[in-house]
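Each of the next two complexes has chain A plus one more chain, namely chain B in the first and chain C in the second.
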Partner chain A sequence: MPQSAEKTLDHAPLFCEPEYRKMLAKKKLKFECPHPDQVVSDQREFTKSWEYREKNLARQALVVNPAKACQPLGAVFAAAGFERTMSFVHGSQGCVAYYRSHLSRHFKEPSSVVSSSMTEDAAVFGGLKNMVDGLANTYKLYNPKMIAVSTTCMAEVIGDDLHGFIENAKSEGSVPRDFDVPFAHTPAFVGSHVDGYDSMVKGVLENFWKGTARSEATASVNIIPGFDGFCVGNNRELKRLLDLMQVTYMFIQDASDQFDTPSDGNFRMYDGGTKINDVKAALNAEGTLSLQYYNTRKTLDYCRAVGQATTSFRYPLGVEATDELLMAISDISTREIPEVIRLERGRLIDAMADSQAWLYGKKYAIYGDPDFVYGMARFIMETGGEPTHCLATNGTSAWEDEMKELLASSPFGKNAQVWPGKDLWALRSLLFTEPVDLLIGNSYGKYLERDTGTPLVRLTFPIFDRHHHHRFPLMGYQGGLRLLTAILDKIFDNLDRETMHAGVTDYSYDLTR
Partner chain B sequence: MSSPNANIKDAFHELASERSGGKGPKARRKNCARPMAPGTAVGGCAFDGAKVALQPITDVAHLIHGPLACEGNSWDNRGTASSGPTLWRTSFTTDLTEIDIVMGHSERKLFKAIREIKEGYAPAAIFVYSTCITAMIGDDIEVVCKRASDEFALPVVPVNAPGFLGSKNLGNKLAGEALLKHVIGTVEADEPSVCDINILGEFNLSGEFWLVKPLLDKLGIRVRACIPGDARYLHVASAHRSRAAMTVCSTAFVALARKMQERWDIPFFEGSFYGISGTSEALRRIADLLVRKGADPSLLRRTEILVAEEEEKVWKRLEAYRPRLEGKRVLLNTGGVKSWSVVHALMEIGMEIVGTSVKKSTLEDRERVKQTLKEENLLFESMSPRELFSLLLERKADIMLSGGRTQYIALKAKLPWLDINQERHHAYAGYEGMVQLARQIDLAIHNPMWPQVREPAPWEPALVV
Partner chain C sequence: MTFKYHNDSDFHAKLIADVLSQYPDKAAKRRSKHLSLATSEKDGNATSECEVKSNIKSVPGVMTIRGCAYAGSKGVVWGPIKDMVHISHGPVGCGQYSWSQRRNYYVGLTGIDTFVTMQFTSDFQEKDIVFGGDKKLEKVIDEIAELFPLSNGITLQSECPIGLIGDDIEAVARKKAKEHATTVVPVRCEGFRGVSQSLGHHIANDAIRDWVFDKKDIKFDPGPYDVNVIGDYNIGGDAWASRILLEEIGLRVVGNWSGDATLAEVERAPRAALNLIHCYRSMNYISRHMEEKYGIPWMEYNFFGHSQIDASLRNIAEHFGPEIQEKAEKVIAKYQPLVWAVIDKYWQRLSGKRVMLYVGGLRPRHVVTAYEDLGMEIVGTGYEFGHGDDYQRTGHYVKDGTLIYDDVTGYELEKFIEGIRPDLVGSGVKEKYPVQKMGIPFRQMHSWDYSGPYHGYDGFAIFARDMDMAINNPVWGLYDAPWKNDRILAAVAG
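The block that comes next holds the complex of A and B.
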């Protein structure tokens, strides 16, 4: 046995030791009735072909390796961006366990969500009792300032009426009458987590704004970040820029502190988030600006309905998009963009110029949420790259049209293809038949990286297998630098790997690049 | 709604009687009806439990019938090692949308999805999992699976454990029921031997079971089916020809073991491969059962020799760690079988247990912890994060061993932490695993980072602890 006290092997190298190899090979022979190697490799080759691609893309009833999550996950994330708010998901409990681990694994932080734990009884008789008991328990146990209620599919199929239920629960004394319990119906079989985010933020605003008239508009700007796995870095970077511009602003839904608590010997169940009083006051803001369109469609409608000016961006990344964002803010707030920011911009452009030769003409596949794919494709084209495949499992045909319009606006988008509603298994075929240089997405792309050899840059939610990326901003000019560096690092690492074979490829293994 | 069939009632009952022990029918019923308090902390659902229990069967396509998210939120979220096929890691779901549900298309969509899998992946079998929605709209997955099975000449196995039925634990049991009803016993074993065994409830996390298997190999004991860890469909289907069985994670599959004993006369015991004496004990009991079922009695002697050799070796290796770990205080926050087997293992290397959770433990498990620890108040049920946080500080733990979801509680308390659940990256089973466990605890506790982390910022007054 290879294990010894002096040199204990982790399981990866350990099971490469000859005795284990032998054991595994034997197992295969004895138990798997394995196909001959030739058949296996023929099959592997077949999955790389155009013929297979056609079959793969024609799939109708089956989704394989999806790149989206469900509505309540978005709602839970949204709730985490408000002061001392506990998420309460009305429905069966399993979903909630998933949301907690999802958020925890990405942010490397604890994540608190409770569920009304509906069971079969509730499915038959309705979930009212679960709501009554559940709110009471949550209130007692976790001492929140607000409980944000969303639903799983189960509650939706039964047709539980949240508004009525919450009223009932209040009458029964689960929580005090005036305690805030905003809610959102978030059926998971409709839309995706971005819609859940939208509904929950709207639910919170309605909870505080309904029935209150807008007074004289204050010179403040509301900012809604949208579902963003990089909120920790992004929100802080945007605040820095806004402070530099001396703008009065209010982030509505800000999970940056909740998902980045310090290790100082205190346990915080809640941290940061938009203060409830600030949410109330935000009604009177001059306007509301959303950083992600598909995440806030309903919310923005509502903001308009109460009389605010609204603008939305599509996950602004890179030079042009940041320019637009800052100018829009400058417009609403009537504040100038200061010189320091102009210098930052210059530095990003300088960096892009330094590296342009390495980026020009590179081909990319980008997948993720609709806004992310849009913003990223735009940035890629700025660097002279070609977004060859743009894929969003939760993309709609409207998104497809918008993407096409964006891609048509630049010569670098000429050969791009847009894939709404497709999954990562479809992307696998696309990568085999029309290969690209780089893949941009989340951790799930690592299997595509392995199968197709396309290097993966992890730039969106969720990132489970790398640490701390979310702590750095992608937005703003600083964020642009980080994007640029992440992509360049991947290109250079890959180049080094390809050229390091002594005597075979190392004529290009260079020091200076 | 699809009717809760006898299986489910049965599993419910079993679960309840375990919880309430001999408390009489009234207490039991109470447990059946409302297993979880709404609005408190949550664990996984029955669907999750069923999927976890079966997904490591590696050459099977696991198809989740429901809206996208039951699978979309959770696919590929567990590390269990496969020595061959990777199909089990691929996520398949019917992604039901509102239109499918309203138009009543979902059963047809499921059938089509099964066909698409069959054509695209040619798996050894397809397992179809129901979820809350498909159960509630009344999809009869049993019928669809039966039809698909006939038409495609391929085992298509319904796993009827929608989330709302209850806890993950219940789901584990329903998974066992599905195997019993549709899989085990459907294929005859070729060349069955008197030394064939089943291991139930072993997940082969980080390839852990591979540390044990060579020991069994040496004794000439063949693991016909390790369920589910690194299993192949054929192993599982022919598991009824084994001569003895051991359940490792007893909460998961003890009912399955019991029923296999009734139906095929396969005796079993509950054991563990954690710790030195735990491993030795397991080997002895396997040998003992096999001999009673007709294996050559020399197996007992050979087992003793192997145990003696291995124990000597492993104690020698552990010597390096003992002085570094002796007297260190551990808080264990994990459930089920690990609460006693790991407790025992840690005590063997001289560590002090300052608490262990027994939230998923069976009554028997609990008894065992009590016997090992001798002190009642060291046992605790599941706790809120804040309580756990206080407990760590109060009891002056040097390290917490738990699963990923509670790791940050220890880290925020500036305490070392080691993953002992499904996301861990090290294999801890068997004698080899014990060395690894000691080493990892040593590394975690003695990382030079900790003193630094615990010091206040230099400009702060020192904290009084």
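The block that comes next holds the complex of A and C.
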């Protein structure tokens, strides 16, 4: 009997014990009706081949292990970035359980969202009654300043009209007439979570800006971060830089405090977020700057339509992208970039120079949202690395063109391939047939790490199986240091693992590197 | 069950009145039927039943913790069957959020002959909604056949739009099953059906009945001690820690439902001598069917905590007669030293600690005695998706005055926890972080907080260790900043 009270074995060691190995072997042999071992190992080898890759990439209907989520998740995340805002998802309640769990698993934080809990009768008669009752309950119970309504595929398929429903609910007294209920239609069968983010932020701006004339521009910059699993570290780092520059700025949608509330005995259902009065005032900003282009296309169109200058970045990572971001802010705000920031920049360059030999010529596969892949590929090329496979399941042909332009701008992008619309099962084939040294993405990449042996660096949403990464910035020069260290740590850990066999390979198990 | 304690009925009744007073009238009226206290029978200690309304629609606009029918079918019943490909049929989200999240442990080569921790979806686009998805589904199945030839079958897990746009997935299933000479099971588990995961379990069970049983000529020699383990999803290896005990007492586990299961195990189930059901809520339907159609009796059991494990092993053995009974006694005796070492180690640290539970379909009652085995007291419990018969069964487990909450809303649960200030809360990931912010120890009781197994004697040791590490963690003493804490300030001022 392997178990004991003194040294309690949980699943990881327990099932390695001989009793359990024997039991599992017997189960397989006698009851599972497995395929013969040879057949299984042949198929395993076949999946590594170019022939399998061609079949795999030729898929037209089946999607396996996609790196994207659906629109409402983006809308829920967006709503969390506004002051005392309860996210209200109109549709079947199971979806909300999934969004809340997904966000909680990544941030290790509460995620508060309500649903209109539509069931069969709502499918037949529409969800108006659910909206009327639901808004009344949310308003009374959770004391929000704003309720941000988005939809699920169910509500979209039956064609519920949010604007009309919300007006109806207000007429029936669910919430006061002047209470803010911005909304966004976010069908799950269109686009992905980045589009849901875009629609919800635009919905909030429209709620406050529509019908209001823009007065003379104030010398302030609006900043929209986009859907960002690292918003906690990133937003705070950017604010620090902006404060150093003495810029007047306003984050529109800032979930950093909401997904990093302190533990001190109180559960804060709402914390931080962009203040509603500030959203109103943001109409008169000099310009709006988006940190992620594909997350904010519609929103930026709207900002331009009301007369603001707009600029967008593609998840600014590394040196040049941060340079450009700071210069753009300097331009709009007419503030100089102070010397302390130049010194910070120099420190990142110093670190990159110190470590360059370990990074030069390394090949990478990068996957994730279009903006992330773009920003990461750019940084990798700055380190002398080669972004060999760049994959975004929610990437469009426009993104493909942009990526190709970026990659063509550097000799390190010469052999790169761009894979819009492909999933992680396709990436598996790519990694077997055209291997790389490192994989950059989210936690789902661990299956690729296991199957192909490519070390994974977790640098984007969602990260379920490692803790606290999101609390540290990836953006700015400080963020660059974090990126650099994360990649280097993986390289060194891997090198140690390969060389630590005593008396066999440990001649390269070096102390100083 | 000899562990005696009482809960404060008056205080709990006041808590219920307080939370209800915060709702709009209509919602308060609806919610009041779901909140109650366990009360004793007049003639004895055992509580008769916990009377709350259950399995009713959630109130809109409040934070229900429930999931949907798809979660019940794909996430619970079908998803863990390891050698089949389960297609999340519809838009990308449902499959994505449920991907690899339930810790249904299995052994197999993922992507080759095993597929549990993969996300297969038809990734519906707008055109599929407009023109229907059947053609696409056919193609999806063809592509699976080509790329995953060692998969032993396919299930079609319907997401919301499938039913709404009227796709005929049954016709697709029949056509493709014939073409590829494989099992294809359509499951109508659209998320809007029913009021929670629960209907999804039922629909999934019916799909096994209608699309798997009696469809093949099964070559299998049944034995007198053959059992199916029904309703164990192998969370963190639960089913393995259970199987080892059942084998030790001389039984042959021919099917494990559905953690670490293969389709073959499900197909052979009607030949077993007895069905042992752990999660009654999710799988009683198929057990009843097998009883009616094949005459296989079924028996509930509980493998949480030593007193229930002992009792369950004896009950199971009794069904098979002296030979197995004798072995069962030997097995129980064999594990007693472990059990008592665990209790000796943790009793002092845990006894008298008060626990609130809020989980899904069996744990709100099944784990009660596991806590009591460590001297802990249950002050409140409730189900996300229990039915009347679950609450009836709960009566056998809980003490007088226990707070009972059905489909509890986030708001109510938070207020109950604030009022009671228990020493431990056991619930899910959505509840974990709010509770911990309040400074109250928490364990996830759907996923075992990434630990486990908790079933069986091996699991009981882990369960005890985990509850101790949660409750007696030094972090809870660090919540107050010393400059805000008068007691510490006074001591420093000395």
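Simple rule for what comes next: the second predicted complex is superposed on the first by the 513 of 513 C-alpha atoms of A that agree within 3 Å, B and C clash if a C-alpha of one lies under 4 Å from a C-alpha of the other, contacts with A are read in each partner's own complex, and residues count from 1 in each chain.
The criterion applied here is as follows: a residue touches a chain if its C-beta (ideal position, glycine included) is under 8 Å from a C-beta of that chain, and two chains touch if they have at least 3 such contacts.
In this text, all values refer to a predicted model and were calculated from it rather than measured experimentally.
Of the two partner chains placed around the shared chain by superposition, neither chain B nor chain C is touched by A:Ser508. In the superposed model, A:Leu14 makes contact with both chain B and chain C.
In the superposition on chain A, A:Ser49 makes contact with neither chain B nor chain C. In the superposition on chain A, A:Ala61 contacts both chain B and chain C. When the two structures are aligned on the shared chain, A:Arg428 is found in touch with chain C, with no touch to chain B.
Contacts of A:Val40 after superposition: chain C is touched, whereas chain B is not reached. In the overlay built on the shared chain, the residue A:Thr485 is in contact with neither chain B nor chain C.
By the touch criterion stated above, A:Gly94 is placed in contact with chain B and with chain C alike.
Within chain A, the residues touched by chain B in the first complex and by chain C in the second are 1, 3-6, 8, 10-11, 14-15, 19-20, 23-24, 27-28, 31-34, 55-56, 59-66, 68-70, 72-73, 88, 91-95, 97-102, 104-105, 108-110, 112-120, 122-123, 130-131, 133-138, 141-142, 152-154, 157-158, 187-190, 192, 261, 263, 265-269, 425, 444, 447.
Taken in their complex, chain A has these residues touching chain B: 1, 3-6, 8, 10-11, 14-15, 19-20, 23-24, 27-28, 31-34, 55-56, 59-66, 68-73, 88, 91-102, 104-105, 108-110, 112-124, 130-131, 133-138, 141-142, 152-154, 157-158, 187-190, 192, 261, 263, 265-269, 425, 444, 447. Interface residues of chain A facing chain C in the complex, by the touch rule stated above, are 1-6, 8-11, 14-15, 19-20, 23-24, 27-28, 31-35, 39-40, 43-44, 47, 52, 55-56, 59-66, 68-70, 72-73, 88, 91-95, 97-102, 104-105, 108-120, 122-123, 130-131, 133-138, 140-142, 152-154, 157-158, 187-190, 192, 261-269, 425, 428, 444, 447, 451. In the complex of the two chains, the chain B residues touching chain A come out as 1, 4, 33-48, 59, 63, 66-77, 81, 83-85, 89-98, 100-101, 109-113, 115-117, 119-120, 132-133, 136-137, 162-168, 206-208, 210, 213-214, 217, 230, 232, 234-235, 316-321, 384-386, 389, 404-406, 408-409, 411-414, 425-427, 432, 435-436, 439, 453-454, 463.
On the chain C side of its complex with chain A, the touching residues are 22-24, 26-27, 57-71, 83, 90-94, 96-101, 105, 107, 109-113, 117-126, 128-129, 136-137, 139-140, 143-144, 146-147, 149-150, 152, 159-161, 163-165, 191-195, 197, 236-237, 240-241, 243-244, 247, 253-256, 260, 262, 264-265, 268, 334-335, 338, 341-342, 344-345, 409-411, 414, 428-430, 432-439, 451-453, 457-458, 461-462, 464-465, 479-481.
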